[in-house]
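Think of it as A, B and C in the order they're written, each chain with its own count starting at 1.
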């Protein structure tokens, strides 16, 4: 297996720079997930690693060896495409064994490995079928089988599950996790799905507009986001961000509530407060930080999402545990859990907390 | 494989350069052959042809070869046959195009519905396109021959002509012979292009219109036509140029006769080059034809631009 | 159209009338050609315009097959197959390039190809004649093959491009990840999937080359290297009385291109539908 290093990598199409200052070291056997909004460059980064897209500047190396000039075939990396990209004119078996066929592996060896991979993926009955005769989940499995058989130094996945329905997605997610444990291989995985990112990743890389915003373990990103973008990108429902003004006794919200928290002044002036919906409690009247009116209520069974409006007509999302019998229009008191508040400066960066003022 | 990777390190610079060179050059390797061939067989002769139009190159008069400036064009200006040919070209092109287009549109609309045996029908009605043009021309020439062909008898039966004679020999009517052959040959082309365009109209649009209670005619005029319009303009333009250049039919059926009544510019180019071997003059006619077509295309594009803007 | 359509009987009748009209319009001339070819010489004049001949004969075909026509036929076959193979190969490469690469000068090259579709090819008949004569290649089939190949490249390129556009790029990339070079990916993955496109292009060029007349007339004058159109035309002007034999020859000329066409027309519509062919 292998470690992948990206050093000062950038990418331009003509004069348009789509990625810059990418510095990332991926450890041997690590599972890295790339997330970010559409168009931020996740696929581009993956394709540069694969060798499908030339690197404009900087260096990409595997185990210390420069890869920039090597063709995909010489990098020894496998990739699973969003569209699966199964060869329509080949059977499942030949699809999976294609890399061995190109490498001129003996026929018996190829057949044995294909059979073995098919066995692990539950495809043994389908080896003679053509891709068009398979269901979406089965195609996805074939695509994974094709990657596994190569025994590559690293696996790349570009939104491999996005074409599947919800339950299949859960199943395949577990499958990928199992595969990672079993092969203990380096994997880079692109997804839009938070749950996938949070459950699969050793570390998550958050990209925006071609730049890395933060790299860290799922918990790190959730608890200590580096900036407002990451804070709002990770976690669902999205973090609430409210404008704040420093005042006597802490930070003052637009509706007059004063929260007794303070940020490290040397890092800048806090101008916004972030709080996750699950860190807001619905409390007894008069006991909260502010009074709001419920506007919409979603009962999810395990949780209740309440969308509320403050007096100054600002929307806030609240997530309460369990079933909370609230009707739209009802007034309620909210309490913000102090130790879970995030402070942001004007440029969006997180300001470290210094406890109570 | 491992050893190949190791080699990269010492010769890294060279590897880097050759990698980018390869990356930059690869596309040209694929288009190269096409470009070379087109350059050598079309573009180079084209330039040569334009230069011929300023020379006297008649193979039958080998001692008068040389640059003559605009002499060929001056002769062209005086040439009655040339002016007749311009008029004939207009008639030939418009007559052919009009019928080809409307018959083709009708056929495309028909093929866009469903009925039993449609696949066979489609293969059969597209067949004229596959008939070699020289053969189409010969077949129609024979069909117009009163001895073996039925057309003169039908025309006489309909009272269009007094007695069954060969209209290809009648200066007033001769042009309609090649035009009919050309229509026959060209309908499938329009039908195929228009059918392709029709099939690219999303069927949801029709379904939505159906739900909105649009009549057949409204659906045709409000959805089909606007969708087809851009395609139609381009196709008609390219086809006009193509038909104006298309000399085979006339050359085989009438040879430009009788009395020059079916000579169009392109057949005039060919007969001048082929029969008289006067390459200078032929090239001058060809350049004139090119200029006329260029003017036509420009006018059409400008009109289209105006229409799009309003 | 899966909608429920109210059918008025008048509309249905109109539709079938139209179907009938187009069928007769398209097939009658071909029918007539074949009919005269099959009519015994003696009946051609007496039954001149009867729809069905009272007797049939294959004498005309037999006579034609014993004349020079077999030679013309072979020449045409060589020229058409040569041009079709050459064009398809070169146009496939160029179409692949347009479909897959972004490179400097691409727009200019595409524009150039479009322009060659617009100006009268007859313009270059004189220069081509002089060039070919200068090379001493008059009356050689090779010169015809080269000329036809060049003429058909632009359209064939756009046709092939539209077929390549229909094949997802992912497939090649997957193949390259699987260890192929670009050329191997082309050969093992893209090529098998483009077979219909290659067939359509091959057939298209074959048909075009099979029917080309004017350049063949100009470049070929020796009887033993004449192509079918030239041969037939000389035949017609030499023996303008033997109708039966001429039409039998015509019928024979029809066969290869019609066979090809029936095979390719479906793909041709498909290629045009996918939209890249705007010229």
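Keep this in mind: contacts are C-beta pairs under 8 Å (C-beta built on N, C-alpha and C of every residue); 3 or more make two chains touch, one makes a residue touch a chain.
The shown structure was predicted, so the numbers you read here are calculated from the model rather than taken from an experiment.
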From subunit C, the most remote chain by mean C-alpha position: A
Using the stated contact rule, I'd like to know whether A-B or A-C comes out ahead in C-beta pair count. A-C
Just how far, in Å, is the C-alpha centre of subunit C from the one of subunit B? 15
Taking each chain's centre as the mean of its CA atoms, subunit A sits from subunit C at a distance in Å of 55
Subunit B residues counted as touching two or more neighbouring chains: none
Along subunit A, where are the residues that touch subunit C in the complex? 50-52, 71-73, 77-79, 81, 83, 85-89, 98-99, 102-103, 146, 150
In their shared complex, at which residues does subunit B touch subunit A? 1, 4-5, 8-9, 12, 15-16, 19-20, 23
Under the stated contact criterion, what part of subunit A meets subunit B in this complex? 54, 65-66, 68-70, 74, 76
Going by the contact rule set out above, which residues of subunit B touch subunit C in the complex? 24, 26-28, 30-31, 33-35, 37-38, 40-46, 48-49, 52, 57, 103, 106-107, 110, 113-115, 121-136, 138-140, 142-143, 146-150, 153, 184, 187-188, 192-193, 195-196, 199-200, 203, 206-207, 210, 234, 238, 241, 244-245, 247-248, 251-252, 266, 269-270, 273-274, 279, 282-283, 286-287, 289-290, 293, 297
Subunit C residues within the subunit B interface of the complex: 1, 3, 15, 18-19, 22-23, 25-27, 29-30, 32-33, 36, 44-45, 48-49, 90-91, 93-94, 96-98, 101, 103, 106, 109, 112-113, 116-131, 146-147, 149-151, 153-154, 157, 182, 207, 210-211, 213-214, 217-218, 228-229, 232-233, 236, 243, 246-247, 250, 253-254, 257-258, 260-262, 265, 268-269, 272-273, 275, 278-279
